[in-house]
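In the two complexes that follow, chain A is the common piece, with chain B as its partner first and chain C second.
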Partner chain A sequence: MANNDATAAISGQLPIRQNPDVGSFDIVATYHRLLADDPELTMPMATIEALIEALGASSATTVFETMKLVEAQSDRLWQSPLVANPMAVRHGSDFFKQYLVRELRQLPSSTGAASGSGSRNEDQQFEGIRQHLLRNARLFATRAKDAREKIAAEGRYLIPDKSIILTHGGSRVVGTLLGRAVERVNGDPPRRFKVIYVISESRQTESDKAVAALRSKGISVATIPEGGVAHVMSKVDLVFIGAEVITAQGGILSRLGTYQIAKLAKIDGKPCYVAAEQHKLGQTFPVDQFSFNCRGFQQNSLDFSKTTNSGSSGAETEDEKRAVELRSATPLDYTPPDLITTFICDHGVKSTVAMEHQVIDMFVS
Partner chain B sequence: MSTATSDPPAEAKPQTSEKPENTPANIAAPPNGDSQTKGENGAPAPAAAPKLTNAQLKAKAKADKQARRAQAKVSKDPAPGGAPAPVSAGQSGHPATESKGNKAKGKPDGAPPAGSGATGRATGARGSVSIIPPKPESSIPECFSHLSMAKRLPITQADKDVHPTVLTLGQQMATFAIDESITRLKATLLAFKKVIDSYTTPPGNTLARHLTPHVLNPQIEYLSACRPMCFSMGNAIRWLKLQVSKIDPDVPDVDAKKQLCASIDAFIQERINFADVVITQKAADCIQNDDVILVYGRNTLVQRTLLHAHLVDGKKFDVIIIDDPYERQGQVLAKTLTAEGVKVSYSGDFGALQYQVKLADRIILGAEGMFSNGALYGRCGTSDLALAAKDFGKQVYALCETINITERVSTDSLTYNEIDPERCSGSSFRLLYDTTPSHCLSTVVTEISSAQPTSVSYLLRKLEDSN
Partner chain C sequence: MATQKGGYTPSLEKFLDSLKSRPVQASVELLISLLKRRQIKGSEACATATAHILLQVVARDKWTNVDQLLGRIQLVGRKLVTAQPHELATGNIVRRVLGLIRDEASEERNDATTDSPRPASPSPSPSASASVPAPSHASSPPKPARPPTLASIGSFARTQSMFNLLSDPNLFPPTGSNASTPGQVSGASTPILNPQATNVSALRSEVIDGIQEIMDEIKMVDEQVQTYADIFIHPGDYILVYQPSRTVQKFLTRAALKRKFTVFLAIDPSSATSSEALYASLLKSMASNGSSVITVLNAGLMAYMSRVDKVILGARAITAQGGVIVDSGGAAIARAARERRRTVIVLGGVYKLSPESKLLSESRVEWGDPSKYVSFADGSLVSHVRVKNAVSEFLPADQVDTYITNLGAHAQENLHTIIADHYKEEDINFDLYGKAQRISGGEIE
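Then we have the complex of A and B:
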């Protein structure tokens, strides 16, 4: 790692501020504003954009300072009690850090770590990268949306003629996929299929919106409650689900209810496809349903009590209470890789093992 | 373990003095006898030396070896009564002197210290070996004949070039004093460092071309004769040979040796010590408060993980230890854990397997090796445990350093295995290892990444790319 050596050398020579000053910049507020402004934005992408804005607000000029800044800001973001899914944030920031490191590696290595002119040269080049990032902050988001279209183009070939597809949740990728599948693309005739949509009572408005969107595209949709999945499974040909996070072993974290749909599909031998963009990949490693192996990520899904209204969440501080409340409002579950048939992602249709290899490729070098 | 390898004579000497009566004449040639033989043969030796070409020397060495082997066979065959000693003693006088003479001719300067060291230790080992009845290898059925077994190889049968440190190490491995794959690997590398340190390139040779065939190979042969090499040793030795071949012939001996020793040190640091730290932390992260962890036997990595989770992370969890009824190493683990205040329940065999797996939240296994199809090569019994865990839908973690991953593939427990030398009779024998298929494991924790077992081959390729 030449960069580490270089930064170490620089930090030896120069008085470096350990905590680059970002003024009054609030990354958590920025993150929420970005998510609210653009409903199409995914959580990892919002993280990356928020980090780029943090870069813009800071006065960091060296590689070392910038990496420190990104580190500190992303830590602040995912540890914030106001963030619903800290794992998605971590995946986004890891992705961004990895991108930065890769860009920095491509810099021509300075002549000798000790020579001042070499490191100054490197800093100038780094400034170029920084400016490029700031100018093209939206590029990440645009690329992410392109990815969605690519997934739609890949996914349509997995839909057999006159099939019945089961789906749930408000996944934008799955919505795009189904919407594109009923269109004629480059002379490829539209797919003929019907959709069974699993309505979630706790998220009635979101479900209604998704169903309305599908129907507006001319797709016939039947709705069933979450309790009816096993009942209708025999009629279903395939299952499409979205994901918030793809974990390092090729499983997914997604809306509560995904796991049981995947499990029921597995029992009935129906293929279960996950449509998700590559940037949702990350190095997290959930152990089981109740420990996602991410510090501070607690959702209070089991609350044993004898009275009907008990508010004991086990959290001590005010912040923790808020975090648990927030996360219990949008609960997630973990679907292990053996329940997933394949992933449809922007680089094609991939097995769970291939996704795992992507993670290894991304973070091991 | 490092102390053991660095200080071999201390261990060997007391044995020598204990069992002088058991030492057959051929090896027992005491220091003064040694000099005597030299004196007797000394006159013809210098005369004969110039006449013998290299090829002749080689042929002679070969014949010598055969003679030694034949003699070994003869001494093994008779029952372990009082007979073998006189037989081997009567037989041995001739080959012993011959080999001594040969040594004097072939390696006038290098051999004597190594040779005398070897004899000193040989007596001790020989003494201990004659207590245990020789294992009749012929009793193993033909279909299992490919399986190898650790042998307490008398040191006299070792090649004359084997370094004393390696000789001791071989004995320690053969007696299972050093048992775990990663410990064996570390000991081997440290011993090889000593070998390289004491090496001088003979004139007219280059280190890169001479060291491996003439010095390293005899050591390796000896070690694998004592006990079949484990996968990590194979991997590391391949790496070491590559490093030797990369040495620039123009580099002086001292620098080359320094360079090799430094890279061995770096290898140990990176692939063993640091890897262990990372794996321990990662695996400890998987343990949650109020968990019940099930482990099998004792494995250093598993023990370190449990201690790390308990002492460093401060997690509260219980441990169930199911022990290998033949090894009883789990008792050591149980004592260590209870001393630190972990609640442990122990069972000596698989009697309550189903019940205990049901109680457990997750199972942590130590791997002796991993095949590239994701199968785990572990202590005999591991696969039974993993299969039961799979039945109950429990998470099974395998802890493995990447150096233990082999590019070979195995789907059964008989392709690669070892026979337990302590339990091998004419009618039955016990295998030391078994192979757990990849579908019984949920996660493999290695130092570079945690992954599904089927991704192990990918990790291996990734490592090769980065090296």
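Then we have the complex of A and C:
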């Protein structure tokens, strides 16, 4: 549990900078600023951007220092009580770290000379990578957004003619997918479909916005409350859901309610497609709904109480209390891979097992 | 020459015989019309015909660089696929050939970089996608045995695309579409024309060899699949087969050499009359080895299911997600087997495994000639009733237990790794179907 004061103290005292100082840079604030500035940005992508800004703010030049810096900053970010979904942050930072490691491994000189000059050379080349990252930070965000368009291009082929699609939540990927599907793309005629949108009462404004956005594109939308999913499922042809995080087993973490929709779709034998970018993928292994296997990630979804106004959340410190409060405001649930038909990714339509292999390929090889 | 094609009933053999004597473009047009008229049908025939026609394109068409060749193959491929979108094997072969060309081209290029001095590159590190094996090659003799194939660097290639998110636009082409331009690496020190000319003839023969290998693979499928027969069929088994394809028949025949078992031969009632001749050799060889064959009608299959141990179906095509396109009637059998928890085994060559993800479920069912249900002489019925006859239908992945291909037995879960080994991502994403997808859509070009 590295808290801010402790790390600052260490970095001030020790001659070897374990945590290269980054001046007054605050990664948590940066992360939130990035998310607020650009509503189209995903959480893992915001993490990557924030880490790149941290690189820019630091004076770290060597490989070792940079890796330490990224490590420390990402730890600080995902352990912060102000971050709603620490798992998305971890996926983003793991992806970023892995990218750095791979780049290092590909440096041509790294196999040859093991002398001191070799490592100096390596540091210089690493500086090249660093410069590239700092220079192209915005480009990455644009690419990540382009991924949505690719998903939309893949996903339209999964929509049968005159079908009814059930969806929920404010997923930007699903929104883009449906929006593009009613357009003519490269001579491919628009898809004919209707949408059943599941309105979430606790997020009325978001739901209303999503429905309005769909209707403005000329899609007929029917809305139902969350309790009505099973009731309408017989009319539904397919289910599209978004995801905040894709876990290592090929499951997803998404808005509370996704699990239930996926389960009901499975029972009725309706295909349930997850539309999500591949950078949401990461090495996390949620075991069940109540243990996401991510330290400090607790949502107070079950609060047994005999009185109507309960305040005790079980959290001890102020930070933990804030974290639980924040995470309970935007609750998530875990949808296991067996309920997911396939993923629609920016690299094509992938089975859950393919996603699993991708995680292994990414982080083990 | 093309005028005589009405004179005989065209078939795959005659088409292949006539290939040499006809201009390439005419052959392409002829194949398109044969596919459209279903005079060449079935995945094996379509795959063979496609491989042959692409071989002609590579061997006889004029092309001066890789991009031209790729474009030509894509154009022909698209026409063939559009002619008969239900035959997924056509598209598979086109994609295999495209991948083959890309492989050979990158091999050529690696040779070129080792032969000529490395061009002065403005970037500090060379492009990763092109020169993964480059450092090791630099010291090795000019003609290394073979650069790593896609399979050996498979995981690298697969994840590289993911890390493209953060890649440098100046270093890596993000989609790999530019990666196949050989002009980029030839460097300023060598004249461009000369290496190109040698490359083309070398590349041509390499690609032709590769296509020959694909043809051999298609031919060998039955033999290779049947080597797994005695692993899957045990003595005393009751096996249900439905309108067995040649692959399935050979599989059973092979198993009968070693094992005694019983086959339930299910036949669609409408085609029952012609079945004797079709399956005569199967019946004969089964009987001579002491196994028995019981012919059953499709109607009462659920009643037999309690006796059946395994159901073996021949695939017309296998989709990336594990769904199988089977003869109509096969899906009902698989469903009955699933109800009784019987094993469902699907046989088919790897060339039937399609990476295509843009298939609509309605386009997977092929509708055919309904005359076997209603005689066209029956005017009052024909004019008032709409009769549909499904030729093939789609079997969802969850109703299949095992897939046996020429590479062995696979679970549904690792089909995607086979696809990754056989097809390149840029070819998978290439939209062969174009407008043919949509029912309302017309012809392409």
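Assume the second predicted complex is superposed on the first by the 344 of 365 C-alpha atoms of A that agree within 3 Å, B and C clash if a C-alpha of one lies under 4 Å from a C-alpha of the other, contacts with A are read in each partner's own complex, and residues count from 1 in each chain.
Here is the rule we use: a contact is a pair of C-beta atoms (placed from the backbone, for glycine too) under 8 Å apart; a residue touches a chain by one contact, two chains touch by 3 or more.
Here the structure is a predicted model, which means the values were calculated and not measured.
Engineer: Once both complexes are superposed via chain A, do chain B and chain C end up clashing or fitting?
Structural biologist: By the criteria stated at the top, chain C and chain B fit after superposition, with no clash.
Engineer: Does the superposition put A:Arg130 against chain B (first), chain C (second), both, or neither?
Structural biologist: In the superposition, A:Arg130 touches no partner, neither chain B nor chain C.
Engineer: Contact-wise, after the overlay, does A:Arg90 reach chain B, chain C, both or neither (first, second, both, neither)?
Structural biologist: neither
Engineer: Counting residues of chain A touched by each partner, does chain B or chain C come out ahead?
Structural biologist: It is C that touches the greater number of chain A residues.
Engineer: Is A:Lys270 contacted by the first partner chain B, the second partner chain C, both or neither?
Structural biologist: So A:Lys270 meets neither chain B nor chain C here.
Engineer: Tell me which partner A:Val287 touches in the superposition: chain B (first), chain C (second), both or neither.
Structural biologist: First partner only, chain B.
Engineer: Identify the partner contact of A:Val353: answer first if only chain B is touched, second if only chain C is, both if each is, neither if none is.
Structural biologist: It touches chain B and chain C both.
Engineer: After the superposition on A, what does A:Arg203 contact: first (chain B), second (chain C), both or neither?
Structural biologist: neither
Engineer: Which partner chains sit in contact with A:Arg148 here, chain B, chain C, both or neither? Use first/second/both/neither.
Structural biologist: neither
Engineer: For the superposed model, what is the least distance in angstrom between any CA atom of chain B and any CA atom of chain C?
Structural biologist: Taking the overlay as described at the top, chain B lies 6 Å from chain C at its nearest C-alpha.
Engineer: So which positions on chain A get touched by both chain B and chain C?
Structural biologist: Shared contact residues on chain A: 353, 357, 361, 365.
Engineer: In their shared complex, at which residues does chain A touch chain B?
Structural biologist: 248-250, 283, 285, 287-288, 290-291, 293, 336-337, 352-353, 356-357, 359-361, 363-365
Engineer: Can you list the residues on chain B that touch chain A in the complex?
Structural biologist: Touch residues, chain B against chain A: 285-286, 288, 362, 395, 442-443, 448-452, 454-455, 458-459, 462, 466.
Engineer: Quick check: in the complex, which residue numbers of chain A touch chain C?
Structural biologist: 48, 95-96, 98-99, 102, 106-108, 111, 125, 128, 132-133, 136, 139-140, 143-144, 147, 154, 157-158, 160-161, 187-189, 278-279, 281, 342, 347-351, 353-354, 357-358, 361-362, 365
Engineer: Which of the residues in chain C end up touching chain A in this complex?
Structural biologist: Against chain A, chain C makes touches at 124-126, 128, 135, 155-156, 158-159, 161-166, 168-169, 171, 174, 320-322, 357-362, 413-414, 416-417, 425, 428-429, 434-435, 437-441.
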